[in-house]
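Next come the structures, one after another.
Note that subunit A is present in both complexes that follow, paired respectively with subunit B and with subunit C.
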Partner chain A sequence: MKRFWQKAKVREAISGYLFMAPTILVLGTFLIAPIIYAIFLSFHKVEILGGLSYRFVELKNFLRTFEDERVWIALKNTIEYVIIVVPCQTILALILALVLNKEIQGKKWFRIIFFLPTVTSSAVLTLIFIWIYNSNGLLNGLLDFFGLPTYNWLGDPSVALKSIMIMNIWSTAPFFMVIYLAALQDIPRSVYEAAKLDGANEFDQFINITVPLLKPVTFFVMVMGIIGTFQLFDQSYIFSGGTGGPNNSTLTVVLLIYQYAFRSLDMGYAAALALMLAGVILVTTLIQRGFFREEKAN
Partner chain B sequence: MKQILSRCLILLSLILFLTGCSRSIASDISTVTLSGWQSSPEEKQLLEQVLREFEESHPGIKVKFEVITDQYMDVIKTRLIGDAAPDVFYVDALDAPLLMSHGVLEPLDDYITEDLDLDDFAPHLSEAFQSDGKTYGLPKDFTTLALFYNKKYFDQLSISNPPQTWEELEDYAKKLTRDTTHNGRVDRYGLGMTPELSRHYFMIKAFGGELVDQKGEAVFATRQSLSGLTPLMDMYRQNHSAALASDVGASSGSEMFGQGKAAMVIEGSYAIPYLQQTFPKIEFATAEVPSIGNHKGSMVYTVAYVMNKQAKNKEAAWELISYLTGKEGMKAWANGGLAIPARKSVISELGYEQNPLYTPFIAGADYATIWQEDEKLPIFMTHFDNQFLSALLGEQSLKSAMKKAQQTANKEIKASNY
Partner chain C sequence: MNNFRWIRGIFYGILILYAIITFLPFAWALSASFKPLEEIIAGGLNFIPHDFTFDNYRNIFIESPLFGRWFLNSVLVGVCVTGLNIIFNSMAGYALARVKFPGNSLLLGIILAVLMIPGQVTLIPGYLILKSLGWLNTYQGLIVPSAVNATFIFMMRQFFINFPKELEEAAALDGLSRWETFWQVVLPLAKPALAAQAIFIFMGSWNNFLMPLMITSDPGMFTLPLGLNTFKGQYISYWNYIMAASMVFTIPALGIYAFFNRYFISGVTFTGSKG
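Coming up: the complex of A and B.
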């Protein structure tokens, strides 16, 4: 025993873990334990109102998701949302960053103004947008002024999700713009100068220098964008008053999890859905990683 | 080291002293927590006034009132699970079956005495909070649905009386629908409607339709139910004489009516003070909901005070409930006209029966359908509302929409039983 104690490796390891203990404790309580508990819940039928009780139900919670029509609607809505929002906000962020990277007057002010939507609380933004989207609101007034068709942005199931998309692209693009801006300033000027000497015009420079050098950042922006959009909750919750309506058109996976967990108090099923969402996000991120790595090899 | 020790001792004695103090106060005065929602700031003021009067007449009890503004039932349910729920809280008849069956409410039978005069409550109101012969809540107030109509618009068309039957209502609605600014777009509709099961359940029942059968399955896609809902579909889809609040940029039926964008709406009595305060210029009157298929019909919604089974001081909590639902307390509360008191004696004492704005609501109580079913009602509601809206917007026929709603609701119920 004494020998074991005297081994430098062991002592080092113990002191190392002692230093990490506070972090391990905090992460363990607030991150690891809840995840393990969620996995535990997802295999049980849980009764929580009026006394806690668990009943082991094997995979029934997971099997139920396949037959639940609302899960598929929510998944479809969420994926549609991801597919439209992520590319739009990435491209918009890149364009904004490129513009603000040029020597234009009042550049600093523009940067601040563009960044404002990101620092505003999404709940407040949504409430403001509900006014803008009102049938007699600002947006319809503007469309009407230019002779364009107007929509019932909040009440029509075919456009309700699109209104949330527009709002979210507008509010999250500036955040990624800042990241792009930082990356753009990291690209050495000498590379551009060399290209200029070789006779490359602005567009050639953009395609052959800016885009390839920004690739790691684009990967980061896409991954963060996909994770963020898959977890859409607050906007659709406020938009629909928690129902996901009109006619399930703004029902997202996280909103559905909320409904099952807190409205139907079906914690086991909600945990199963949450794990399913985590799986979907994990798979898409892995696919993306593979995609970007392949390009790199070329 | 010595210094630290002495400091610790001082701190310890201080803590003991302070906690000792609070304990001695607690023994004299017991605090009861109360939670509810509020539809307007006036409602909160009014209740706080009543609570002050209660505290004055019961010096041993202090009431801590908290308003839960959004998603009331989600919050209450979560707090009940976490043993952090208030001692006394509001429960809508709709949610009562769930709470009663899970045993989180304190049965009130042992507390109720003769002088509370239970017979004074309208029977169908108190029954909503009874289960297995036990009483879990005492109704605080109720509202039924009635027709609100804009007198000015009626006069312009020389319509002297509100519609008596649903056919008349359809006819009037057509006439009342107008494009007042002549820009080719309708800006005033005959009827403002809220396409929710909670509003239209009585129309399903009017022709003998039912929501749930004895096995507890949804059965609202029958021919009878469809004929009850068809008039609404016709008005919205064919005549374009009815509109939803979101179509005209309003957030509720009463707002739509107040803004003059609908000449008629079917709403509860809470719309009366709202319209008087928010839209003082509007001239409106109320009438009973027009009869549908020769049946008089309406909905009645009621709310009760219930006691948490985990309440710390049940005697004090009961004092509060019995005061608020007793004659005196209810009179003070119902003076505001937000909702109609649940006690018959208070209704007549406050002269509601003589007030022409309120008489249609009180008359409706005799034949109205109570908005309550078993625990599964929220599931039926979700699927009905989704599919009914989709039918209204013309995505599918009413028949296929109702079939789908019924199927998906039953499927969900079946899937959740394992």
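Coming up: the complex of A and C.
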């Protein structure tokens, strides 16, 4: 009996590994191994032309980042981008979700339309927006029509990054809207009814019920938003043709990593930059989590 | 009551305004794709083309012989990646939820940890690994690294944990092995979760820019987003072609989305409540 039991257990274990085999193989080769490899690369000068070769350079790659002016420009652009885009898209998503959560005719159609940009590729969206931002394009045409000032959306270094921001807020807010919508529908009606009986008006209900109950979702939305915006690449690459121009104004950290790795073939330095970016993202997420925890305790 | 109607009016106002803001860029691109170049360059805010033409569509397929190839590359990669993900993620999710084997919780821990690592870290070493495998500019290079997705393994695990155990026990009594139970009983019942997953994975693959940009340098191996970007370089002022190409690229994705809309939203709901 005991032997039979043992056999069944072994068979169960074998089938477990069988089920996991593709995952272990793919994640191991293309995710876990690369993470360790990235740490290795970041301490080396890597030569990839004519066979791979490495030379150990201690912390030189990391120290170099502090003297690299373009790193600071990219970091400044990226942080500016995160600070403006994340709150804007979160608030816009919440407003849209609140409105859509009411009993409204044609709700389904509004949802389908709002979701269009999320479904569309960033490459296509960026091309459409480059066309719209054109000096005699749709946006300037509309602004002019309403008697508002027009801008050189793509060519002016002080405006170029903002053009990408507007586009990104527009294209990602609907995704977060759907997440908020799902969360709003999870709040039981009875909570609001009880509050109504206690004489709370719509605004009180929003501040005292909706906002606190949405806190975990808001955390999720902001973390996803921060991670997404820190990784901005497609838009700035296509906008600037890979240069980060005009005058480095759309240079982001990931674009810089790409340039060092695949244009200058300086893989060790690029790996060090990527690890530092990962560190920044991780720390930001942790700080935010601490902030949300503290709020909860109050 | 009057007050109520007033608020309702504002709500509709916001919704309609935002729907217009969302829709306008697409409408503008669509209209440009049917305009001759002279009409586009001349400017003006007309959404309905004066000289309606299909020439732009005809020309991108004829004048740029690679366009069709890019389209097929995208379809092939998207279908393979989606198929493999559905099978592999479900297998792993099922094992993590139901099968007892040594290292189960360790693997789950690793998968959850991996979710936190930003993609850029693995970008460069991933490229070097593909290079040493000789997989640059190949279909396997575009497909295999994306064949598994940690997020959806976790999602499938959550799904299978809530799955009724009785069904599997009945299957076991009928003499089915774990493997047979999974394919014949569990997987067919997981269809809604698989559909949601399939849409997300396909869209992700269809729209992916950075990975193919890194892996392919031979224009014959480009996927559509890359092809479109070189299109921009090649025909910088031919916005009529670029817009037509963009529409060809967007319409399959929109079709799939419209068709599976229900699963799409419920899929997001599912991920959302995990926050």
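By our rule, the second predicted complex is superposed on the first by the 276 of 298 C-alpha atoms of A that agree within 3 Å, B and C clash if a C-alpha of one lies under 4 Å from a C-alpha of the other, contacts with A are read in each partner's own complex, and residues count from 1 in each chain.
One rule holds for everything that comes next: a residue touches a chain if its C-beta (ideal position, glycine included) is under 8 Å from a C-beta of that chain, and two chains touch if they have at least 3 such contacts.
For clarity, every value in this text was computed on a predicted model and none was experimentally measured.
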Partner chain(s) touched by A:230 [first = subunit B, second = subunit C, both, neither]: second
Partner chain in contact with A:62 - subunit B first, subunit C second, else both or neither: neither
Subunit B versus subunit C as contact partner of A:54, first or second or both or neither: neither
Contacts of A:192 with subunit B and subunit C, given as first, second, both or neither: neither
Which superposed partner A:292 touches (first subunit B, second subunit C, both, neither): neither
Broader residue contact with subunit A after superposition on the shared chain, subunit B or subunit C: C
Touching partner for A:128 - first (subunit B), second (subunit C), both, neither: second
First, second, both or neither for A:136, with subunit B first and subunit C second: both
First, second, both or neither for A:257, with subunit B first and subunit C second: second
Contact residues common to both interfaces of subunit A (with subunit B and with subunit C): 48, 136, 262
Subunit A residues within the subunit C interface of the complex: 9, 12-20, 22-24, 26-27, 29-35, 37-38, 41, 48, 52, 95-96, 99-100, 102, 104, 110-117, 119-125, 127-132, 136, 138, 141-142, 145, 170, 174-175, 178-180, 182-183, 186, 216-217, 219-221, 227, 230-231, 233-234, 237-238, 241, 254, 257-258, 261-262, 267, 270-271, 274-275, 277-278, 281-282, 285
Interface residues, subunit C side, partner subunit A - complex: 8, 11-12, 14-15, 18-19, 21-26, 28-29, 32, 43-45, 84, 87-89, 91-92, 94-96, 99-102, 104, 107, 110-111, 114, 116-129, 131-132, 144-145, 147-148, 150, 153, 177-179, 182, 203, 206-207, 209-210, 213-214, 224-226, 228-229, 232-233, 239, 242-243, 246, 249-250, 253-254, 257-258, 261, 264-265, 268-269, 271-275
Touch list for subunit A against partner subunit B, complex: 45, 48-51, 57, 60, 64, 67-70, 134-137, 152, 154-157, 242-243, 245-248, 262-266, 269
Contact footprint of subunit A on subunit B as seen in their complex: 71, 73-74, 77-78, 80-81, 98-99, 102-104, 244, 246-249, 309, 378-379, 382, 385-387, 389-390, 393, 395, 408, 411-412, 415-416, 418
